[in-house]
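Pasting the structures in now, so scroll down.
Here come two complexes built around chain A, the first alongside chain B, the second alongside chain C.
For the complex of A and B:
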């Protein structure tokens, strides 16, 4: 009991030392809870067209009103938050996964492979990602699905993780404990998996959150341009429909405002989470209590 | 050193002066007289083709294949006749009368005496013959030249006021389809004395100093820039001179290109424009609410506009598996609740349609003649149970999530392609289909048109313009000569093949629109069409053009339907002749 109390007080002390992490986690958890509880209380079919009367302002019957196609906007927010998080997390994970593989190969092995990977990354980083994403999304011949959206967004979210992970690996591979590991007979793969990766975990976690945020941003950008999955009620598509149906001109604030608020909250949460994780990964950023 | 500096200063001053002189010259060339706002008509949007700027502002050649902007070409030249579909009336203009021979292989047109070009040269039968022959001889390099090559064997000026057109094969609709402008179609007669020494595929017909374009209409081009074109009234218009028409009261017309629809609405609310490209049903209602000076063809009540010749349907590439089965097409039709299409797709301001024709006065008598068929084949019937029966009879079953799957467990996917104009209709249609067990979705790719014409888009929500006075033109859209293999571009895109249908349609094509023989043939052909349902009718299409009464009155409306109020249609002059200033 005493041990638990001690542990809790240690956690409490850490939380006081890293309020950004706590705030970030709390905000993201709140959004996840909004999605989970909302999904339990509201049928996802209510986020689809012809579910309610069109163009209804918020009322007891429709808490966040409806859009012109009869989607209930509270249900849209619930489903849309889940879908947007899913796209961001999966696309971020894929991007980071590719970044980890290429970054470690490039940074650890060096040589021609490093030159090639570094060259490709440097070139692709100079290309405006939204322009490329718009072209990719426009040439897809089938209707956009959630999966194709994830793949498209992930296709341009691996370069930055690759470059930053490579940079980290380059500094770490010269450290003494890595030399010792090598001399003790570990092969390269073992060094990467058993020595480098565990030491980079906090940094990878921060990178993952960053990649997720970047993916959500790219995804919402594409969707707001009308290039997202048009049959799905994501947050970005909701903004697109509100623009297409002139919700501003028609004073339908309940259509365009809620997705913007959720997106703003989401990005604040992700930013605080990244900042908090950065403090863990980078001792120089830690605050003393 | 000082010498060099002063030389540089001289050069600099010379350059600045030169620039000033040049800019003054440009300003002088572009200078136009003052016309007060209350004598000016400002139109925004045209047909919507020119977005933000007129890319072809230096072109006044109405036959360029790339000539797309409705920035004046829609009324610069007078036609031989107008056709007002709202009242089913032919309106003679530069022409006085016309007559076909017995087998519709020749057409003779009498021209009104006293018609003149804007440069004072008399308009004669030679101009008409020249235009038709010129188009025929330049196929396919010019717009509508392909049609002239098919139909025109020769066009001859019999005398100054009589022209005879000899066809390659009988065509009882030539006059109506090409020389009687209505909606977006019609051939403008151009001046032989200007065009005869030009390469028509390369001739811009734009030279303000020479007075080009030389026109027969009451306005001359005063300014043409990417941002606007300005047309000013000319006092020497032939129709006013001979007392055939009054001089229009509109002294200046300014055409602005299309902007975002919200901007059109705002411009109308702020009285910045007098007539605009059509708005969506939701936006027009807001504009009417915010500016009492604005009205529509139907006034302030639904449908807030007039019915266009472009009924909307759910079309298919009928040669592709699943959609090549008439029973499946009917099963899909039964799954769609047209009330939802109207309520959610048209915001309650519209109507469903049972046929692929617009319900215009001249067409209604045909539609009335097939009421028995429409009862037997009710294309608007919403009956999900019939969908279930058909699908089960075809061997389909539903999976755990309630979607139809074939014997291999593959879901029946319906990916619907559409575009922004119909974006409000797609969601209720797709949701109806999903509720009926079809794994339906929709998207609006930028290249929707080529996807549909190539057949890659196997299902699409689109409209089609064709019939106005008799059903032949629409029925011809479903002829199998257009049914090219998927991957080869074709328009119309239905790719439906029915030899019996083709045969009757071909027969209808040789009969005049007002021949009573049309009716039994129409009944026969519609029985085939309705049974097979190659294209599922959804809703009528409306033009909801806001019109502003601040400066002008006399707009056409339901009570006085002398024409429609589309600022891009080739009948725009009919409206200009009736507008009266309010101040």
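For the complex of A and C:
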């Protein structure tokens, strides 16, 4: 009990030194809470078309008004926040997973495989992600589902994690404790899982948040072009609909403004989270900041 | 700069071009069995009322015209040859027009807007970032950084929407959309250029504001390291004026690595900029891409995507080749090795 208290106070002390991490985590948690509480209070069917009167301004009945298809925008925001977070986290996790596998193979084993993987990553990193995504998404527009969206976005979110992890593995591979582990009879897989992984945890966490943010950025970009899942009320699709129904010219601020605010909050939260995790991963940054 | 480096770098460029062509050719064909000709016919049918008999023959005739009836590898080789000649075929949505003509018409707008906006944002951000690390800089800058950093986390086009609302819809200072007034013919006259500038202010500002924080943060980091160098201490000991130390000694030396990251982030800038154009209805590649997407115009989509990839590949190639010439420290390190 005492040890736990001590540990907690140490965590608290660290949090005071790293306000970015704390504010990033609390912003993301606030959005998750918004989604959770919203889903409990509002039925998701209210985010579907013709669940209310079309083009209603905010009122007691429709707290954030409705769009031209009769979707209730408060419900759309709740459902959309959940969907966007889900796409981002799942695509980020897939990207990180691929990044871990390729990064460790490339960095630990080296050789021809390393040259090939590094080459592919370098080539793909120069290509603007949105351009490739548009090509894929444009062909399957109508058939686009949440799952295919996640896979498509994830297909371009693994390069940066691969590169960061490979670079870290390269510097750690020659450290003394790795050699001790190898001499004491561990095989490569054991060395990677038991020795390298735990030491790379802060980097993996930062890579995960980075991949998640990149995935959300790509997914909202695709959706704003109208290439997202057509029947789902995601945040990006809401922006697309509001542009194509010229919501701004019709002075329907309750349509286009809320998704922008939520997306902005989300990105600021992710940005602070990355900055905070960077400080854990690179303690040298701490002095400079 | 060694010959080896030059060849390796050119090799990478060739691989990027090859990868771009291959991706663009195979992705649409792998991802679906949808026939673009049938798709287009369906659209025509929907807009023109009904389509008579003989649709099958019409589809066949068009497929022969576009070479879609040949084996895949033949199509691939043919496509490769055509693309290297910058021939992307006809646009399916704007049929008699060729894809390359549409792109050539849109390209100057995009390059002009993105080029100027990126340059301004880079210069402002770098100068601001350098001043942040400079002990004698005014204090208020310290408070600006978090503000701009927050904005840099938000995608360009969302910022664009907000600017559009504040300065075009509510106050009507700037036009709502387009690159020049509707009904005027593009020409090189003074009033027309003025109008073009007026239309470019808001989309440009969206990109500048969102970019400044990023450049400032990066520059500040490098400047802090740069100011610890011995030659700065020496310059101070010599009694040089602050201004001279800042511009000639500190800033000049850290500006080069900053310029490389300009080329690296170009892909991101263009990705974000495409959507800025869409938001503002700016007559560049982004808006053209949106039209192509909504008209299922594969030829146009692949043409635009290929051009974007090539622009970025050429820009990074140029920076990588010029960099060792500009920065003697690079060649020096190479020789030591």
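Just so it is clear, the second predicted complex is superposed on the first by the 276 of 289 C-alpha atoms of A that agree within 3 Å, B and C clash if a C-alpha of one lies under 4 Å from a C-alpha of the other, contacts with A are read in each partner's own complex, and residues count from 1 in each chain.
Just so we're on the same page, contacts are C-beta pairs under 8 Å (C-beta built on N, C-alpha and C of every residue); 3 or more make two chains touch, one makes a residue touch a chain.
Keep in mind that what you see is a predicted model, and the values were worked out from it rather than measured.
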Of the two partners chain B and chain C, more of chain A gets touched by chain C
Next on the checklist: Between chain B and chain C, whom does A:60 touch in the aligned arrangement: first, second, both, or neither?
Outcome noted: neither
Ask   = Thinking of the overlay built on chain A, is A:183 touched by chain B (first), by chain C (second), by both, or by neither?
value = neither
Once chain A of both complexes is superposed, is A:4 in touch with chain B (first), chain C (second), both, or neither? neither
For A:131, is the partner it touches chain B (first), chain C (second), both, or none of the two (neither)?
second
* Asked: When the two structures are overlaid on chain A, which partner does A:70 contact: first (chain B), second (chain C), both, or neither?
  -> first
Looking at the overlay, what does A:248 touch: chain B (first), chain C (second), both, or neither? both
First, second, both or neither for A:226, with chain B first and chain C second
both
Practice item. Report for A:50: first if it touches chain B alone, second if chain C alone, otherwise both or neither. Key: first
Chain A residues contacting chain B in one complex and chain C in the other 138, 141, 143, 226, 248-249
Given the complex, residues on chain A that touch chain C span 119, 122-132, 134-136, 138-141, 143, 217, 220-221, 224-227, 239, 243, 248-249, 251, 253, 256-257, 260, 263-264, 267-268, 270-271, 288
Chain A residues touching chain B in their complex are 48-50, 54-55, 68-70, 138, 141-145, 226, 229-231, 244-246, 248-250
The answer for chain B against chain A in the complex is residues 261-262, 265-266, 280, 282-283, 286, 340, 343-345, 347-348, 415-417, 420, 423-424, 426-428, 430-432, 434, 440-447, 451, 456
Seen from chain C, its contact residues with chain A in the complex are 12, 15-16, 19-20, 23-24, 27-28, 31-32, 34, 149-150, 152-155, 157-158, 161-162, 164-165, 169, 176, 221, 224, 267-268, 270-272, 274-275, 278-279, 289-290, 292-294, 296, 298, 301-302, 304-305, 308-309, 312-313, 316
